[in-house]
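Going in written order, the chains are labelled A, B, C, D and E, and every chain counts its residues from 1.
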Amino acid sequence: MKDLLERLNTKYNLTDIKYQRDNLVFLTIGKENTIDLVTHLRDYEGFTHFVLLSCVDWIEEGKFQLTYFLNQPERKYDIAIRTMIDRDNAEMVSAHHLWRQITTYQRELREMYGINFPGSPGVDENFILEGWDDIPPMRREFDTKQYSEDTFFPREGRKTHDPASYMKEKLYPTEPTTDKVNKTDE
Amino acid sequence: MGKIKDILSPFTAWGNVVKEPVTIKKPIGREAAPRYRGFHKNDIDTCIGCGTCEVICENEAIDLVPVDGIETKDGDSGLRPMIDYGRCCWCALCVDVCTTGSLTLSNEYTWVSEDPDEFRFIPGVDKKSWDDNEKGWKKPEPNYEFYGKKRVEMPELHAEDRDKSFIEFVTGYSKQQAEEEADRCVECGICTATCPAHMGIPEYIKAIRNDDLEEGLRILYETNPLPEICGRICTHKCEDVCSVGHNGDPISIRWLKRYIADQNPSEKYKEILNAENIENNGKKVAIIGSGPSGLSAAYYLALTGYECTIFEKLPEAGGMMRYGIPEYRLPYDQIDKDINYILSLGVDIKYNVNIGTDITLDKLKKDYDAVFAGTGLHLGRSTRIPGSDHENVYFATDLLREISLGNEIHVSEKIVVIGGGNVAMDITRSLARLQNNKFGKVNVTATSLESEDIMPADREEVVEAREEKAIIDPGWGPTSIEIENGKIKGLHVQKCLSVFDESGRFNPKFDESNTKFFEADMIVESIGQGMDVEYISEEIREQIEFDQRGRIQVNDYFQTGAKWLFIGGDIIQGPDVIHGIANGHKAAIGIDKFINQNG
Amino acid sequence: MNNLFNWEPDRSKYPTVKDNGELDVDLSSHKFTKLWVGPNHPGITGNMAVEITISGDEIVQAKTHVGYLHRGFEKLIERRLFIQGFPTCIRMCVAEPDYNEYILSKSIEDLSGIEIPEMAEWLRTLALEMARLQSLLRTVPGQGGTFSLGLGVQWGMYLRDLISDRFEELTGARIYHMYILPGGVRGLLPDGFKARMEENLKLIDQFVINIKKLMFDNVIFKKRAIGVGVIKKEWVDQFGIVGPNARAVGISRDIRKDYPYLKYQELDFEPPIAKNGDIFARSTVRYQELIQTVDLIRQIMAKMPEKGDIKSPTPNVLHWKIAKGETYIRSESSRGEYGMYYVTDGSDKPRRINLRGPSYNHAMSLLEHMLINANISDVHAIMVSLQTCPPEIER
Amino acid sequence: MNIDFNKLFFTFLGLMIVLNWGLLMSALMRKIGARVAKRYGIPWFQPWVDLVKNYAIRSQITHGVMFYLGPVFRLSGGVGLFLFMPMVFGSDLWTNFSFKGDLILILYFQFFGMLGMALGAGEGGQPHSFIGISRGLSQFTTIEVPMTLAVIAIAVQYQTLSISDIVAAQQGGIMNWTVFTNPFATAAAMLSVLGAFGHSPFNLVKAPNEIPIGPPTEYHGTYLGVLRTNAAILHVVEAVLFMNLFFGGATTWIELIVKSFLIYFWSVFVGMVFPRFRIEQSVAWFLKIPLILGIIAIILL
Amino acid sequence: MTEDNFKMSNKQEEEVSKFFAPENEKRKVETPDGEIIEINPLQDYFSDARPKVHHPNTSKVVEKFLNWARAESLWVLGFGTGCGSIEIPPLLTPRFDAFRFGVQMRPTPRQSNVIIISGYLAVKTLKRVIRSYEQMQNPKYVLALGSCTINGGMYFDSYNTINRLDYYIPVDVYVAGCMPRPEALLSGFGKLKELIKAGKGEKANEYVEKFDWYKANQKKIIQDWNMPDYNW
């Protein structure tokens, strides 16, 4: 594993290398070299099994992290290649020609995050959702609970009480205290 | 050949036609497994309405609702969980996290209805067919916890290291220990109501978890200006009601408070608490006594912009905190840390001023817009048993004050302390230390009316006292002090059967046949303290209401009949630091109101 | 004689290929019919749909439609505490929720460095194998069911239900067990569990013999299954085929062997392999696995200790925070590699989870590819033989 | 034209008996099937309840005139088959309207309902119906081939086209039954009967998990009630046909019930344990073994 | 024959004009597949005509008998909409054998009387469920399983699942549980039978009566309503 990374390091600019386990390494590479690296790993290093393509929304940094997860079935290595792309007008080079299932992943990411993969077959078709007209739901700024409450008629008539504030109301309504315990939000 | 076999072999299945079917004959109502997670049950008498189930429920299926017949009281919010079966997923996390263990699941599972609004009920209150079902999911045993049940041990000096000196023996939590202890909190907030000052306990514990101690300090100072002191010697009523304490050790709320105060350097207090620019509003308030209530009142008044002057009889501030509590529990530098911060807000203090003699209350009334008196309980109370007027019979408060003032006190070889409160433990342990220094051994016995399980002293005080080789022998009522040749020989006691009668009044019953004799040449009485209100002149006294037992009556804001005079602290509430602080805070609000109303 | 009735479609004539490489499928020409298999169709595995265009009985185009079961787990879990994610996320796959529990727990344990007690490891292994057994009891005879051989399904479902009873005893629930939690499991074996389990396993032993006589020695079943729905060897990497579907082509890939987890290293087993890659080969592999799983459960019950701790202490679950990190945990479900990509950001909620279900590849790109030129009669059979499970595609 | 009301009454009574026996028989078959699957299965009266339920459905939709007529054709096919089928041998009252040469008519009526159904279901507009019809028609055509060969064989053997005469020729002992006198024709017919009853492996017309459920997909309520009524009658009458041709007919209703049950059970017996053929496999199968048997039967004569 | 013979009475005219009401005229419609087809509502029943109330039989005895038959012959649409469908197979297999209670599965909505909503409904499925429900014939019954149909259940905060089913189609019986065990499901069927026998299974007519309200609710969440309003 280490020697493989050394080999790669001579060719590519790899950063943030982190060994999560002995046979699982996470690394970051620039957007422009990503597909190049993936292709290289597939063709020359035996990473023939494509595990998954995923996206993490780092909204604070304004970035999407795409993770290409590759597996080398012979030597039982895993490499997860991270690449950061801009959140605004997110676009990434399509890799559908490498493995067939990537088409599906790209369709999903297009729908769930709004990342475009130009040239990927059927990338603009509805995949999971049907007639969705809000912001892509997996983006962090989309508030699913709010959306649900606005759309789906929750059953009315429920009311809860916070023990601390209820006790204050009952036992010492006038006395000074700090604010209500805020349990759910951190 | 294989082909023929392939044609014939499937027909073997017809063998089943003569066998009895395996169908369950009566499937409806079939009993589920003993561990099955069926419908909810709740033992509403055990339940305290802490709401932990509500917090852990990922489906927001649980609401806490008031229930008829369940009072809101200390340690019980009076709320009970109502479960919405339009949300529940029967994961039983609520059962596993339940602090009291009252919530369980039965193994019944059939609930069919045409009305969707029916699926909402309060287990234990709304009668259901499965209420008496004993089977069903219970929290797995053992070693299966969602939060720590064992409290993080407070590092202490070993008994041998501490029993000779008055240095503080509780060393305080480290960061890791504090965070670990804070992690156990379930943030129910039951404690807040019980705390006399209603401190934001869950919030500051959360601040510890978040490692945001400045925020923690801000929360502390919202309701309590003496965190260093409270963090050491508070009677922590909050811990008694802590919901985690129902099945395990309660959170060490007191030590966590101390941790926050300890970790914040005093020089940064002003910056943290945003107290650098306080506008003076030109009004003046006099405060008599620099005990907890006085300091608390001064702090909150000063924050609002009042000009406060504290009059202290003794040479140093702190009142009972300094003169009633031994240094090994509450080091003087920590008292100073809290007091100096209050003084730094512009509070003036005048030492060695005795109201009534040096300056009269009437003069204060004239010079100031309002007066707050928190003069505390400094007079010892006597048992009034035969022989209690002997010169070697002392009051604990007096002895403690003398120790704090640095004066030499009389210590003899065999001492008996009468009393089972914290003061009794303080004096016992102080005397034990003095004996140890003087004679190299300890021979001090503390005896109290109350038996061990209802002794008012904190449990750890008793344990620590025993570790320091003091003898604690509770459950005895003193009858007489035997004096021979003008010297005390010892104390006669008889077995106390009960302290309170059925209606809860103080009315001890004794077993006169069961007596005991404690040998002693010095006896210390520590059965309570009395107040000294000599400084209040007759004229003012007429305006103040007293009840039959001579206690001063005040309103919610500790305002007496004399509108300008506010009295709080131990005089009103009995001896307790945190009550004093709460009183001071409220009185400060009352004073603010009073002065604003009067223009 | 056989050639006489071998009506392979002659695709050289139709559908014609347009200039841009697409098939010229003009519905108005009445040469083609569009047919929806699902979502409301008794022959569909779960709630999904395959849109097929047929010409005669053969399929010209196929397209998988999913989303009928989409609940947005990966979004929901972003607003749930680590512990709260469990009841939600185990529902990602209804057939084998235990694998969800395991990979989710293991991810959290991996990221926060928690070791679990040995007893808990054994119990987890047992639960996972029981789940596999349940799943196989459905799918092995289910392959016969696709050809309207419902008898095996009936027997299998009965036995599956008995295993449900054992699950109920052990975990307190029939379907969504909520048994594996971060730090360990939620209970020891109840009294007499092993005896009752052994009774059920004996019934399954008998079932294994019966189903062989009924299905695998059945001339029509062979006729329908052999040579139909062939997966070629080179597709395995191209399409990301895993689990029994890959093993039926002769490629031995089994997470339990390749990346041993829990107690699989201490168990004696060898994943079964077949060569042809058709429906029959996949059925046979699953059938062998069924026998093997019964054996594995026996091994586990014999080797596991009687008593022990079931859970390691964890931080208070109500405000458990995990430092920023990411990991990938995989396990071998009855359908193949079942993995979880888990990202934390230092708060008390996960940043992102991504389930990698085998059906994601099997039911989408692979199925669409395999259905072309297949007979409509075989759509259901091919789908079941791939053991597709739509909830893990859309989650 | 004189109408024999007595005959009409008995014919109608016979129809009722056949209908109820058909319903009961289907319930019994399902119960037996359930036993093999190790369960109890439906209550014996379930088919009647289903029938009443279907007729009690309040709303109906239509896809056009043929859609209406489909079930009607089907029912007239079934009833027509019954009308010309001698039920109990030796009784004037229970021979219905059978006449010399009714064998040919009956072979025709077998197809009649099928075609009517095809037209009606086609009107329904369901692609599943189309597929079901095309399968049904192609399969039925191939079934007819060995069956017709077998029928021709026995028609030649007994030198008659009247079913009653064929039954009469088989009287006088079990060894006179066609099954013993002409085993090849019987075998060919008994194999094609598997297809005629539409059980697995030849149930690809309805094929619930391929094309749910073929031609009747769109039929509901009263339409379905009619179809089910017809199915009950048709199954019994077809069984009676084979009984008459190959198993010596019946001299009492009890004998009829037993024999028709056994003949119908034969298709269940096979169907229970075999999966379904694909359509081309099914066609190929009928054109192999049963066809050869039928040809042998003819050649041997 | 005079011309008068061709004149229609007012009543007859009404009858005829009913046939040629706008919703019954021939017209072109786009199907969900994108095909444009011509439809003749009178023939094809491709109609967005409002459904009608079908009143029970006026004779109480007859209605009682028919209701008994309806209750004892529950044909369930085999549409597994959510996780609850995992508990349907055990119901139809040896262990629980629901056939004993007159419960049978039908693969097509036209022939079914009962639709089981087995748990949560994604919006995409809801659209199919509504279509299936409308294709079923009066009287029809809805059995809702699990928390999800009552108040959203586990997925109360999901952007893609509905919270309460009774806003979209009328529900006869709810069964609590997540998932309800087969035994609970059987008692759900028991309850449904009771209701039908008591003549309370008239939710199909309720749907017709509150048709506008249901449609408004359905259209609120189904974004691309590319189908006629009723019974396509």
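A few comments on the model shown:
Basically, a contact is a pair of C-beta atoms (placed from the backbone, for glycine too) under 8 Å apart; a residue touches a chain by one contact, two chains touch by 3 or more.
Quantities reported herein were computed from a predicted structural model and do not represent experimental measurements.
Listed by label, the chains touching chain B and chain D alike are C, E.
With every chain reduced to the mean of its CA atoms, the largest distance from chain A is reached by D.
For the pairs B-E and A-E, the larger set of C-beta contacts lies at B-E. In this assembly, the chain whose C-alpha centre lies farthest from chain E is B. Chain centroids computed from C-alpha atoms place C closest to the centre of all protein C-alpha atoms shown. The centroid of the Cα atoms in chain A and the matching centroid in chain D are 61 Å apart. One finds 56 Å separating the Cα centroids of chain B and chain C.
Each chain gets one centre point, the mean of its Cα atoms, and the points for chain D and chain E are 34 Å apart. Between chain A and chain B, the centres computed from C-alpha atoms are 47 Å apart. Multi-chain contact residues of chain B (touching two or more other chains): 10, 13, 21-23, 32, 55, 58-59, 84, 86, 89-90, 116, 187. Multi-chain contact residues of chain A (touching two or more other chains) are listed as 128-130, 137, 142, 144-145, 155.
Within chain E, contacts with two or more other chains are made by residues 93-97, 100, 107, 124, 150-152, 154, 156-161, 164, 178, 181.
Across the whole structure, chains are in contact as follows: A-B, A-C, A-E, B-C, B-D, B-E, C-D, C-E, D-E.
Considering their complex, residues 80-81, 83-88, 151, 158, 165, 168-173, 176, 178, 184, 186-188, 190, 210, 213-214, 217-219, 222, 309-311, 313-319 of chain C touch chain B.
Chain D meets chain B in the complex at residues 32, 34-40, 269, 272-274.
Residues 36-39, 127-128, 130-131, 200-201, 203-204, 207-212, 272-281, 283-284, 287-288 of chain D are the ones that touch chain C when the two sit in their complex. Those residues of chain E that touch chain A in the complex are listed here as 123-124, 127, 150-152, 156-164, 167, 217, 220-224.
Contact residues on chain B toward chain C in their complex (touch as defined above): 3, 5-7, 9-10, 12-13, 22, 32-37, 52, 55-59, 89-93, 96-97, 105, 137, 140, 143-148, 183-187, 206, 209.
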